[in-house]
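Just dropping this structure here.
All chains are identified by letter, namely A, B, C and D, in their written order; residue positions are counted from 1 within each chain.
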Amino acid sequence: MQLKIGIIGLGRIGKIHYNNITQQIPEAEVVMVADVCHDALPTHVRHTEADKLIDDPRVDAVVICSPTDTHADYVERCARMGKHVFCEKPLDLSLTRIEQTLTIVKQSRIKLMLGFNRRFDANFMKLRSLVCEGKIGTVHMVKITSRDPAPPSLAYLQSSGGLFMDMAIHDFDMARYITGKEVVQVYAAAATLTGGAVATAGDIDTTVVTLTFEDGSMAVIDNSRQAVYGYDQRLEVFGSEGMALVDNNKPDNHVYYHSGGAQSSLPLHFFMDRYTTSYLTEMQAFIKAVRDDLEIPVRGDDGLKAAMIAVAAQRSFEQNVPIMLSEVAT
Amino acid sequence: MQLKIGIIGLGRIGKIHYNNITQQIPEAEVVMVADVCHDALPTHVRHTEADKLIDDPRVDAVVICSPTDTHADYVERCARMGKHVFCEKPLDLSLTRIEQTLTIVKQSRIKLMLGFNRRFDANFMKLRSLVCEGKIGTVHMVKITSRDPAPPSLAYLQSSGGLFMDMAIHDFDMARYITGKEVVQVYAAAATLTGGAVATAGDIDTTVVTLTFEDGSMAVIDNSRQAVYGYDQRLEVFGSEGMALVDNNKPDNHVYYHSGGAQSSLPLHFFMDRYTTSYLTEMQAFIKAVRDDLEIPVRGDDGLKAAMIAVAAQRSFEQNVPIMLSEVAT
Amino acid sequence: MQLKIGIIGLGRIGKIHYNNITQQIPEAEVVMVADVCHDALPTHVRHTEADKLIDDPRVDAVVICSPTDTHADYVERCARMGKHVFCEKPLDLSLTRIEQTLTIVKQSRIKLMLGFNRRFDANFMKLRSLVCEGKIGTVHMVKITSRDPAPPSLAYLQSSGGLFMDMAIHDFDMARYITGKEVVQVYAAAATLTGGAVATAGDIDTTVVTLTFEDGSMAVIDNSRQAVYGYDQRLEVFGSEGMALVDNNKPDNHVYYHSGGAQSSLPLHFFMDRYTTSYLTEMQAFIKAVRDDLEIPVRGDDGLKAAMIAVAAQRSFEQNVPIMLSEVAT
Amino acid sequence: MQLKIGIIGLGRIGKIHYNNITQQIPEAEVVMVADVCHDALPTHVRHTEADKLIDDPRVDAVVICSPTDTHADYVERCARMGKHVFCEKPLDLSLTRIEQTLTIVKQSRIKLMLGFNRRFDANFMKLRSLVCEGKIGTVHMVKITSRDPAPPSLAYLQSSGGLFMDMAIHDFDMARYITGKEVVQVYAAAATLTGGAVATAGDIDTTVVTLTFEDGSMAVIDNSRQAVYGYDQRLEVFGSEGMALVDNNKPDNHVYYHSGGAQSSLPLHFFMDRYTTSYLTEMQAFIKAVRDDLEIPVRGDDGLKAAMIAVAAQRSFEQNVPIMLSEVAT
């Protein structure tokens, strides 16, 4: 039996999931889609409103790719209707609301998976597996670099929740994923160095965040909204037995030597090129977990923890002091 | 209008083309398949015999993935029926037969494309583009390494036509593709060093072939049937203005440093992993060329030239002298 | 005329300088050495006590490689005697004392150079030159990794001044060198994770230090006393126009592929192997600056600034708050 | 006791050996030098004529760096006088003369070492050690790339003995060194593609040489007199258990990413930069072998074998047929 899926929101990410399920995941079928912009909808699939989609008995599971401020409502409705949910991050910008939603989810018996797609990237999975196999020993330090090619639009920035909640949240999740440890303290240094839309939006574009884990080990994350050479996503994990790192993916691996120097390709410029496979792998994981009644690989609680770190980072930056994660707990 | 495609042969390669067209090329549709083994056929597509498939008026173009000894017959029938053809290499093991077939194709108005899929690999295309842009200057030397992880089965080896016609033919085509030059002389040194099935089949497993181009520049190709570390496909082009090379693709780019050394991943082990994208790209190129009446990117003549080099290499190895390509012309 | 040099202290570093001057810098000559351990002294050079060496009219310039707690005294004596000085870092563990010494140096007309040898490493010089040429644009972020293969002995640790003053001070200098900017704030997270001698000495072994520069841009430095895979020294500079990074040096660049994976060499394991050339280059720079009356490439003030950052880092770690550099000024 | 060394010829290579012995090899001392150009001679060492140097009882061992056509005479005189010899390659351009000289050497009890300095390069030594440890298994293929940045002067070319004897001879030696196998057949394809001095001298500048070893395995060597991007020296060894390769050395390992691409440094441009250490290591090996009466690491016979391959390659190129090494034996 194919899993019957409804997708809410067919913007950039929604279309990725739609195409992956339709073309590459025979175990599932998109039976219904909902988007406020009717032009975005594929013609050969039933479309309706979001609430009706959730309620429709022909839908087994819902993939939520609509704007952030709708996530919690839709997830809660899914919980009440007994529909499994895959929801893009973050669940909400408010920690209180996230917790409320997770409580409702827990009371239901649905499975909820958060869209931290980078956990399914082959490079990062390799590092996680090295940690799990004990190859790194006790982890002493994680280093994450995450830079976008260019800032998003002013409109996007203004409703994004800020760099920490919008962008660094992926890295906060990654730090927990790679180490399997919980964060106890956050210190964030940050600045607005690129000007332009970021400055207009009153946001920051460049940060260094130091996370301290429960055992005293640390993670350090540097972010930028503007890396002129492309989408830069690297990770290193260092511990008592060794160190492992992964570099960016490139469109090809050529090196060209001429009298003026040696040249090679830039990293894949766009997150949709870099994470093409991870989007497919995460959706396969979700569908398999629902169909086979397995544990969800990215739980709602993972979304809450990452959001808490983001809130702590924002507060640390504003107050210029380290913030204990316990201080931001609701 | 979608291009209506019939596929003959649904073995390993046939299935790749079937899936690519079905899932990822909306401009085409597989309307019919033929395979002697009925178990291989997808249930939701019409199936028939090869000749009937070619003759069927609902079929616009035929993709031939059946055994080599059927290629020429099917291509000729397609030519007579006015069906465009994508045919896996080689057209035939006999140069005379290849020429006969190409004559029939030329007399028809069909398009014939040969399946030298490596021309569509991102790394090799990058090198070709550097040559075309003049970044390499006059090409003085091309170096190709092409090694398989393990020899094929004895049964396969016995009907393969030998290493030069079966395996190195891809590299002979690549040497012509990268340089845009014609080969005039071939010298092949070779040996049977791995034992096992190759020795039983009376074939060779390790070679160095030196190709001399019309302008005196050279290509050197080394092949092995058995690289224990995986599928090894590298290329270098050197000329008056510079040099460029491409390395293997790997499943991830991690490096792991521990007290005993630094470790990284092996090359992708299997040609279907390495060339996943090139199979899709080549089929897109074929379908686009047919639909838009464009020039075919890998012509029948390219297949003939590569086969001539293979025949010359075999003769050079047997006689231990360089062979002029003009000597093997029919 | 050769520059007549006296060397005080012929331990590990003193011997490097002695050999470099004797064998590879014909513009200078070691005329006298002083060491409390007479066994360490070369037989074919005059030896004496440190004070007498400084006072001796046959000595033009003094190279100070004795224990840290003697540096300030010797430098001051050199200043009074009008002898140029090359002094290993740090000048002293006390900022007050460093400032006193620098005042005396300024009142004299001697040249004082500090032994931040890493500034003369080919990799780091390349990054500095890219910054100077504007290739990076405005620097937004500097990332420095600096890890030792193993902690020093307990005895060394107990008189080292702690990780920040002993080890990270090189990186603090590097952050200023690469960017050409002054640090205004320091935040240090740190822990003792390796146990052993470090724990016994009450020191830390693992840190992340965030430096904020005057323009809001940042540097982040991670240190460890114990990287089981060797001496790990990497640097990255990121800015508005690009990013550049340098990796470790290795004894050879082989890659070995076998059925179990791909292996390559570890970084050079020991600082004397890694920085062999930089020690020579820095001494050449000192001797050239003295002979040709050029500006000294690493001034006394550079030593003070790096020491101030170290003091701030220590205080930040102890108090778990960011420390303004102005707070540690004397 | 220091080994007393006389050096004949203080050109480019002679000066390297002079400086290495003087500055870095305390076990030896240069007591005498001879050069027809008196300007080249260091002022603080005794100088004389070559024959007198060889005959002088104060000289224990002679380092011969004079023009090729003097090598055999000087080596023979050394043999008669009982002086150990380090001689730059080749011993002579004539195989007959080389054999005569080696006969005389054998009749004496002197040690003779040939200057195949690349055997002492860290990268190549690493590959050799992998072969010796069995990590490669049975060697099936060796691939050597060796390209100069630019052709030498016309004058040099005219007395060089041709590309094979002058330049490729290093690679012929390397193929034997890495594999520990003897060559039985040589096939050389070659062309003159760069024009200029090479064409005027009637020499070739671009070659591919296929060597067949006694067990059927092969080496392939490609050479060029003109690689606009620098001095290109790479090696790969492939066998039943794995493959290992080494790349060029670079002045630094930076990578610079900007909006137009990623750039890194070119290979070290000049053989004296690339092989700085190998010249020192080879001389240390010679001096140690003489002083401790050890086996010489590069014997006279190694020079003969490499020269035989060069002669065979030249003949193969001229006749366009493979040449058995037995055909060129005297």
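What we mean here is this: a contact is a pair of C-beta atoms (placed from the backbone, for glycine too) under 8 Å apart; a residue touches a chain by one contact, two chains touch by 3 or more.
Worth saying up front: this structure is predicted, and the values here are computed from it rather than measured.
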Fitting the CA atoms of chain A to chain D, what rotation angle results, rounded to the nearest 5 degrees?
180
When B-C and A-C are ranked by contacting C-beta pairs, first comes A-C
Taking mean CA positions as centres, which chain lies farthest from chain D?
A
Inter-centroid spacing, chain C versus chain B (mean Cα positions, whole Å)
57
Chain-centre distance (mean CA atoms) for chain A and chain C, in whole Å, is 41
Touching at least two other chains at once: which residues of chain A meet that condition?
228-229, 241-243, 255, 257-259, 265
Chain C to chain D touching residues, read off their complex
23-24, 122-123, 125-127, 130, 135, 241-249, 251-259, 265
Please name which positions on chain B make contact with chain D in the complex.
138, 140-141, 143, 145, 147, 185, 187, 189, 191-194, 206, 208, 210, 212, 215-218, 220, 222, 224, 226-229, 232, 238, 240-243, 320-322
Touching residues (chain side chain C, partner chain B) in the complex:
228-230, 255, 257-259, 261-267
